[in-house]
Structures are given as C-alpha cells and as structure tokens.
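Two complexes, one shared chain (chain A), two partners (chain B, chain C).
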Partner chain A sequence: MSNLVNRAKSIAGNQQALLLLVLIAMIAFFTSRNSIFFSNAVFGNIISDWAPIVLIAIGETFVIISGGIDLSVGSTVAISGVVAAFSMRSLTEHGHGSTQTLIVGFFVSVATGILVGAINAFLITKTNVVPFIATLVTMGAGSGLAIVFTGGGPIGGGPDAAIQLSVPKVGPFSYPGLAIVALVIVLGFFLHKARFGRYIYAIGSNEFAARAAGINTKAYLAKIYILSGALAGMAGYYYYLRLGCGAPTSGLGGELQAIAAVVIGGAALSGGEGRISGTVLGALILTTVTSGLIIINVAANWKQVVVAILIAAAVLLQEARAKGSSSKLLSNLFKKKN
Partner chain B sequence: MTQPLYEVRDVSKSYGSVIALSGVSLKIHAGEVIGLVGDNGAGKSTLVKVLSGAHQPSEGTVILEGTERKWNSPHDALVAGVETLYQDSGLAPHLSVSANVFLGRERYVKGLLGKLGFLAQKEMDRVAHENLDRVGIAVPQSNRSVSQLSGGQRQAVAIGRAVSWASKVIILDEPTNHLGARQAGEVLSVIKAAKERGLGVIFISHTLPHVLQVTDRIVVLRLGKIVADAPTSTFDAESLLGTITGLID
Partner chain C sequence: MATLRHKAVKVLAVAVAASFAVAGISTPAQAANKYTIAFVMGAESDPFFQAMKLGAEQEAAAKGVTLVWQGDPSVYSPATQNPILDQVLALKPNGLVLIPTDPTALQAGHDKAIAAGIPVVNVDTHVNDTTKAVSFITGDNADGGAKAADTLAKAIGYKKGKTYKVVVGLTSATATTNVGRLNGFAAQIKKSYPGITIVDKAYSQSQPSVANTNVSNWLTKYPDLAGIFAIDGTNAAGAAAALQAKGLVGKIKLIGYDAYPANVDLIKKGVFTALIAQDPAAEARLAIDYLVATLDKDKAGIAKIKHDVVIPNVVLTAKSSAADLKKYTYVAK
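Moving on, here comes the complex of A and B:
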C-alpha cells in the first residue's frame, strides 16, 4: 500500500517531468525510425506548428482552469486571419508600405479575436449562457462567416514580406515564434504568481467561495474569454504569416487540439487545476506526433488515434492522482491516531 | 447598558408572497456568543443572509456599532468587520491553505510587480499560519492544498479564516456539521477564544448540546418570528427543544 502511495505521489508531483519524458521518448522513437527527424528543419517545422496551437491552448488553459470551455478558438483563428488578410490587401492596394501594413494587420487580427472573446464574455456573464453553448454559437458563426466572407478560398494580396517573417531565425524559432514563447512565459507568471491567476483558480475550484471572498467572478470570467479570443486572434495572424494569405480553413479543429493539449498537460475539465508548463508540453507532444508520423511514413490519420491514446492516458493519470491524494490522506490520519 | 455591537431592528423579509422573517429584532454585544436556533424553515438562513449582507431586508434596519448600515453584498459587511462562515460553502479545495485564508485579501510584493498583482506568497504562507495558530487552529503546513486535508481540518481552516479576519462580528452557520466529537470540541473552543478576543459571535446550529455548551444567550426562531430570547442558563435541553418545536410557549 505504501509503495502504491509513493508511486502515486511521485506521479502527482511530476506531471511535467512525465510529459518531458514522453516527449523525449517520442523524439528518440521517431529518430530511430528515420534519422532525418533529428534535424533543425524538422524541429523548425514542429515549432512552427506548435506556435499557433500553444497560443490558443494557453487561452484554453485559463478558461479550463476557471471551470469553463472555449469551443470558438479554432473559428476565431480563421475569422481573424481572414479579416486581417482583407485589411492588409486593401492597405497594400492603396500603396502602404509592408511594415506598416503588417503592424495594422496584427492589430486588426487581435481586435477581431477580442471581439469574438467579448461576445463569448457577454453571453456567459451577462445572459448566463453556459460556456459550452455560448462558445458553440460563436464557433459556428465564426467559421461560417469566414467562409462567407472569402467564398471559401484564401485571401492573398498582402505584403510579400509576411512569409519571410515565419522563417526560422534562432535555432528552430522564427521571430514571431520567439515572441510567442516570451508571451507564454509572461502569461505563465500571471497565472501562477499573480492575483489574476489566483482568482481564476479560485473561481474554477469553488465559485461560491470566490464570490463570498469578494471576488468579482464575472469580471474575471469576462477577462479570460477576451484573453482567449485575443490569443486566437494572434494565432490567426501567425497563420497569415506562415501561409502569406488568410485562409478560412486555418485553425480548423484548433479548439480540439487546444483542449487536447490542455488535458494532456494535466488540467481537469472540472476546473481548478492545470499549469502553463503542462499545456506547453502537451502542445509540443501533439505537434511532434504530427510531424513524426509523417516522417516515418505512417498514414496521417493515425495521428488522431495516437492523440486519443495520449488523452486517455492523461485522464487515467489524473484519476490515479486523485486516488493518490486520498490514500495519502488516509495514511496521514492513521499516523496521527497512533 | 452598553451599546450593542451589532443589531437588527424590526427586520422583515419576504420572497414574493412568502414571508420568511417578520419583525425580527436582535442584539449582540462584544464578547457575547449568541445561539440562533430554530426548526427548518424557521427563518434562520434568511436571518443569516440579512446579517451577513447577502440579502437586504424588505423592512427594518441593520445597525453596526450604533450606525445604520446597508450592505449591498457580503463583501460590504466583510470590509466592515462582519465575517460569515457559510454552511458548506467553505474553501477552494484546489488552493493552498494560505491562499484560502488570504482569498480576496492577498498581499503583494513591493514595487511595480506588486502593482501588477504579483503575490507575496511566502509572507502569506507565514502569516496564514500565524493567524490560524492565534485563533487556536493547528494546521500542518499552510502551503498544502486544501484537498489534501481531512474534512475536520478543512472546516477548521474555514473557521480559522473567518475568525482571524473578523474584527467585530463572526457569524458561524452550522460550523459543527459533519464533524466528529473531537473536532466539534475544537470548534467550540475556537468560539470561546473568539469571545475572549471581544468578538460578537452568532452561532447557528441544530446540535442543541453544542449551543447549550458554548453560548451566553439563545434566540429561538419559529415561523419567521423570534419566540424566545433569553440567557442560556434559563434553558435545558428539554425546554429548548420544546421552544423550538412550539410545544412550550
């Protein structure tokens, strides 16, 4: 029994170490099957895939810790990329320089994301629609509008410099990729070391207790859905840079990848639990699997099966952790009585 | 006679056509423990909500230290020094003991980071431990997550938090529910310690022996009205039960 307790304990304390181990094992496995995998080119590709996923997954982490869910992030990526593409095409046609155009495009993309987030926030905190339904509504509306606006095709005609920005410059990282890493670190500090994060955990853990402690829970919930929207807007812009155009299919299924990354990272959908580092590693594992399977010539659809297994493993681990803490509690009680 | 610490005067509360409280007046003095008892539906919860600021009375006034107050939220009352421990509302289990003790009252690091809301966690861990210790609650480590504590320890932390922050009045709604005899005993000694510190304690409970053991005065509610308000020494278990159920008038 004490052996089991100890094992559960070490797992509970080291979710991140475990994820890192899984990641290293995957890299070793893919490299052993095809040595090309272990190269700057492939890592660059993995990081390029990872960057937009981690952006929306971080937003999803905040939302899931608060006990909610945001299904709209994938659609928000699409709609914000498309709206930014239209604005950048128009600016380019009017003879504006590429730097200026790219900066405006960034803000248009983020503003579009914020708008979607604000609609989610309004539905959830003002009309009391549950997050699942509220974000299902904006998810449908967002992806529908993205297709209606574009007629289904990509919107190009923006500055040519865009695509240059997405080329890896520092190891496997492009400059936007580095900016995303920096942003993730800053958000990590706000989640784990500051009042903002503390209150989000409190809301996800026990909303009544949070309100009784004087926390304006609705204001905090509104902020995190807006944050999630803003991050999805950034991801939409990132896809624009990568593709050199705004495609209504960018970010398709992104919400499920984000949720998968968060769950693999150790967060609980019931709220109150989760860490930025877990989500970062979860997203990295997802994108490593995707690239790895392609490189070792496994049919791309196997990826979904592998991801499903990873999610199942993460959930089972969570179960074990919950049991671990309760048996630890039991052993403590016995110790005291004797 | 000294001025009461906390008082409600002629308070009535109705929800639509349902009258939950009618013409209730209640006084509590500093260093006094009053027991609030009554059957289910007698109006105890409603009175607690009025006292704690969760609900506003339909009629009547709430007076703290001689000044009429109007609570718009429990937070208003809390800031004024009236702390409430709600039945089963308790704590955020995923947060640490100290995070729970300081929830809504966090301390921040100095300088710019503090302005951005960065928390002085070590300081809060230490002070939380000191505060709980001061009110007579022993909790192993204040950086442990509440979900790792036993039911009794959780309740102790919840009470410790409320008592350590309360500067005037502490309202305890069924604090000994679901507790074993030893833990209930600890809760009762925390109540006594709070009384010694000069707080006014309002103790709501169904467990009449606890009420008889720890209170100075007992207020009995029945069907939204106060039917008895007398020193605890004038009751015994039988007469108290009789007053609650209406067998004795």
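Moving on, here comes the complex of A and C:
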C-alpha cells in the first residue's frame, strides 16, 4: 500500500507525466461529448493554434528560467506581423513573385521581433530597468504603434499562397508547423544540453553567484530577450500565413497565454526551474481547451476558468515540491538585474 | 531602489512623450477659418472611425471649418471619452459632433455643451435624450443585419421546407453595433426564412485570429454548414482565411460586414459572397453641413435639417460597380 502511495507521489512529482495525463483526459472527455473531436481536422485546428503560442511560450520559458518576465511578446507578434504585411504588400504590388515575397516577409517579421527584443535587452541590461517595467513599456508602445501604422484594420494584399502554407499537410501539421516543431527541439537542446542553457539556469537560480562564477550575466540576459523577440516575430509571421493578412490585434493577450503555458508546464516564476517539454504540453493543453469547448458547445468564457484552475493546480504542485520557493516570486519579479 | 524608481520613471516619461509625438495629438490650427468644429469619437483604432475622419476632413476643408478630431486611441469606453470631451469643450469649439460611447454616461457632457451655446450633432450612437441636439445621424445596424439575412438566403438558394445551418461570428455580446446587427439578422430569418437555424455563435474580442479559430472548428463540427455571417471587419477577416485554408471558398457562403480594404479585395476573389458596408464618411459630412448651417443661421440650410437621419447600409458583391466598391471601402489616410 505504501508502495502505491509512493508511486502516486512520484507521478505527482513529475510535471510532464501529469500534464500528459491531463491532456489525455481532456481529449477523452471532449471525444465522449462529441466524437468528431477525435479527428485529424480538429487536431489540425489545435496544432494551428498551438504553433504561434508555443513559439512565444518557448521564448518566455527562457526568460522565466532566467528569473525575468517578458510582457511584450503579444504586441511584438502584432507589430512584426503588421510590418511584414506592409512589406509583402509592397513587394506584391511591385510584381515580385510569391516565394521571394514570403521569404522577405519572414525575415522582416523576425527582424522586427529582434528589434523589440534588443530594446528590451538594452533597457534591462544597460539602463537597469526591471524586466517587468522594461517589457511593459515595449508592450504598450508596440501595440500602440501597430494600431497607428494600420489605422486598426488588417493589412492584406500580399501573396495568395500565404494561407495555403498554413494548411495541414502531414497529419495535423502544416509545413511551417513542422518547422516550428523542429525549432522547438533545437531550442530544447540549447536549454537542456548546452552550456547556454546551464548558464541561464544558473542566472535564474542565483544571479550573484553566477556572476561570481565568471558568467557574463548581462550578455546572456540580453541574448534571451532578443531570442524571445525573434520567436515573437516568427509567431507574427505565422499569424500572417494563417490569416493572409497582418492584423494589429493578432497576439493580443499573447503574453498571458505564454506565461500561462510556461507556468502550467511547471516553470517557477522565481527562476531557475522549468522545462521546454512542460511548456510544449502547457501550450497544447491551452489550445486543446479552446477547440474542445467550441466543439462541445460551451461558451468560450469558460476557457478562462479552466485555464485558471490549471494554473492554480500547477502552482500548488510546485509549492508542494519545493516549499517556500514561490514566496520568492514577487521579490524576484521586481529584482534588479545587475 | 530610489535610483531604480527614478530610472523607471525617466524611461516611462520618455516613452509617454514619444507615444504622444507618434500619435500626433493635434491642437486646432489657428487658421483664418470661421468655425472650429470638434469631433469626439469612439476609438481611433477602428477603421470605421478612420473612414469617418477622412469624410470629416474633406467636408471641413470644403466648408472652411477647422476640425478638432479627438478620441481614445483604442478603447471604446465612456471612462476614457468623458475626460476627452471635457478637454475639447475647454477649447470652446463653435460646434460639436459627438459619438457617445455610452448613452447615459455621456448625457451630462452633451448637455453641458448645449448649455454653453455649442450646437451638438450625435453621430453613429446617441445619448438617451437628444431633444436638444441638432440631429442624430446613424447607419442602420438592424437593417444591415436584415440585409445580410436576405443576401445569405439568396446565396444558399433558400427553398421552403428545407433546412439550413448557419453560424454567426461576433466580437462582443454587448457592443451595440453587434447586438443591432445580430437582432436584425435573427428577426429577418425568423420572419422570412424559417428553415434557417443559427446553430452557433462565438466572440472574437476584435481578433481575426480568434475568429479564425472559431470558424475553423465550426467547419469541422458542421460538415453540412450552409453559411456564415461574420458581423464585423475582424470576424470577416478571420472567417475568410478559414474558408480559404479549408478549401471551402464558394461552397460555404460568407457574408461579412465592414468594407476594410483587405476584405473588399476578397469579394473580387469570391471569398465573400457579400459585404455589408456602412458609410461613415457620409455621416461625418452631413454632421458638419448641419452644424455649419446652424452656425450660419442659414434659413434654407436649417430648413433641410432632419432631427433623425438613418443612412442605409449597402450590400457590396462581386457584381457591384468598381465605383461603388471604391466609394464604400473604408479608406484611411
């Protein structure tokens, strides 16, 4: 009997295994309510929603493990998608081919994201503004500028081929979706197997000790905010592919979805803890809830309630695992980065 | 900590200053124009108001009027509109065009302007009591919804005795435009097309990507779906992308609302069966004409003023003339 209890405890201690169970339970529940849920078409919808969320959530994972926060990812999605949309419209109007236009659009979108990330990095590492405030500034400026540039409406007029790229081709995955999966695996390697990742954990656990050990903490922090911006730029481009237009409201509230995915995935906002696989599953659970509630006819507002319960459960688990660690949460959020 | 706070404040101050500079907060030009007319509108970010602004600017230039155009950048709310209205009234304009974001909350400001001798026109939405206003000019959302129902029924080849499933994508459950259009749509279906059932509704919070997720899942859930009514510009954009991605263009009839340039392009490609469009520029032009006539004490002009003006919505389809498509497309600068 005590053996069973121990086994249950060890599963409860493994966030990834638990998340997988939650995911399977959700799929089983939604399928039991409407069997159409268990279909390639619905999984395709879920993966389409998942792809941009996981991109910004992975960036957020790096940032949160380092002990920081990036509130600007949602508006970076908007502004990079809009800037890319303008550039692709202009190229199309000047008679450039769709392949060339789509490639240029991708780089414009990522470059815009990198620019926002670089501003965050500058504010945090050079002017010593706390991450919460620095990214709050870029969040407001980014979403405001996206509206100023567009006048509020979506910007179309790019290549017609864009939407076709977002169509699932391999099971529920579109080609850009597969590319995102590959990118996530590579970034997982960097975080968990490479020196880069070890340093990030070290900085998030104890920045002072990391610096004393000779790690150039500012350089590493700058890199992860730029990485987060670049990933948000990619998410902006992905939304463009899905909609065939760049909308200033794409990515609205994306920062909260990203943070939710990371926290559900088991990372601690106090830094030094978290795994890519947890974030991947966290994001998948969020988008499964979205599609599932539509398929079973439950008002979308319930999604927020379900997500809130999941976040509370994830944090309680953390609390149980390492008592007292989340009490550091607030003090760390506003911790000065030196 | 003190230096930290100091730095944060400095950064914020710079950011705020920069954002004002970008937004181009304008003060009325002290030109030789005889009147200054203030427009206090809902939300700068809405292409509807952008198109209205263009109409207002053109008419103001034509009539030699200085235009003050103010409103919140993105939040459609009396909490942000009331302070803006107070500031604008402090500039003592000769006339006021108000697009009240709430019928009750804006009544006091509205009446204050009239008490100060400033004639007021309500546009798009109205305060509870407009008896002292010069006029109330609006597009007819219920009529637009009814037109959407007629157009959709025709497009799906509605026949008595048969049943059809349609869905409606909305932005919010309470926005008056959404409610007006949905009620008009539902009432017309009940009256004339009893075989049509609205099987699902969902809200996009003005995000095309959320609308896209909703419609993508509906297309899976209802393989026999006949049509979609996308109630505003952002829902229209999201639904259009979903139909294109699923290869259902033309098979499922899509009626959109609001003639955003990107959506008008998609009429030509057959993605939209029709778009219902308003004419915000015409509303603005008429409001300025009414105020100028009132201020001029021009008897002939005043005699033409109607207290309640409804500018009908129009149905744009692939068969609409190029001139009509151009005329109704919401164009910003």
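The rule is short, and it goes like this: the second predicted complex is superposed on the first by the 310 of 338 C-alpha atoms of A that agree within 3 Å, B and C clash if a C-alpha of one lies under 4 Å from a C-alpha of the other, contacts with A are read in each partner's own complex, and residues count from 1 in each chain.
Please note the rule applied: a residue touches a chain if its C-beta (ideal position, glycine included) is under 8 Å from a C-beta of that chain, and two chains touch if they have at least 3 such contacts.
Note that this is a predicted model, so its numbers are computed, not measured.
Trainee: Label the relationship between chain B and chain C on chain A in the superposed model as either fit or clash.
Mentor: With chain A aligned, chain B clears chain C, so fit.
Trainee: According to the stated criteria, A:109 is in contact with first (chain B), second (chain C), both, or neither; which is it?
Mentor: A:109 sits against neither chain B nor chain C.
Trainee: If we overlay the two complexes on their shared chain A, which of chain B and chain C does A:209 touch? Say first, second, both or neither.
Mentor: Only chain B; A:209 stays clear of chain C.
Trainee: First (chain B), second (chain C), both or neither: which does A:72 touch?
Mentor: Neither: A:72 stays clear of chain B and chain C.
Trainee: Residues of chain A touched by chain B versus by chain C: which partner has the larger set?
Mentor: When the residues of chain A touched by each partner are counted, C comes out ahead.
Trainee: Per the contact definition in the header, classify A:92: touching chain B only (first), chain C only (second), both, or neither.
Mentor: In the superposed model, A:92 contacts neither chain B nor chain C.
Trainee: Is A:36 touching anything from chain B or chain C once the two structures are fitted on A? First, second, both or neither.
Mentor: second
Trainee: Please indicate which partner A:196 is in contact with in the superposed arrangement: first for chain B, second for chain C, both, or neither.
Mentor: first
Trainee: Output check: A:80 vs chain B and chain C. Expected answer is one of first, second, both, neither. What do you get?
Mentor: neither
Trainee: For the combined overlay, can you note the least CA distance between chain B and chain C, rounded to whole Å?
Mentor: Checking C-alpha atoms only, chain B sits 18 Å from chain C at its nearest point.
Trainee: List the residues of chain A that touch chain B in one complex and chain C in the other.
Mentor: Shared contact residues on chain A: none.
Trainee: Under the touch definition given earlier, write down the residues of chain A that touch chain C in their complex.
Mentor: 34, 36, 39, 41-42, 45, 48-49, 52, 123, 127-130, 133-134, 137, 140-141, 143-145, 147-148, 151-157, 160, 163-164, 166-167, 239, 242-245, 247-252, 290-291, 294-295, 297, 300, 336
Trainee: Enumerate the contact residues on chain B facing chain A in the complex.
Mentor: Interface residues on chain B, with respect to chain A: 73-75, 78-79, 84, 86, 89-95, 99-100, 103-106, 108, 116-119, 121, 147-150.
Trainee: Where on chain A does chain B make contact in their complex?
Mentor: The contact residues of chain A facing chain B are 189-190, 193-196, 198, 201-202, 204-206, 208-210, 212-215, 272-273, 325, 328-329, 332-333.
Trainee: What part of chain C is in contact with chain A in the complex they form?
Mentor: Residues of chain C touching chain A: 4, 7-8, 11-12, 15, 18-19, 22-23, 43-47, 49-50, 73-74, 200, 202-203, 205-209, 212-214, 216-218, 220-221, 233-234, 237-238, 240-241, 244-247, 260-263, 265-266, 269, 330, 332-333.
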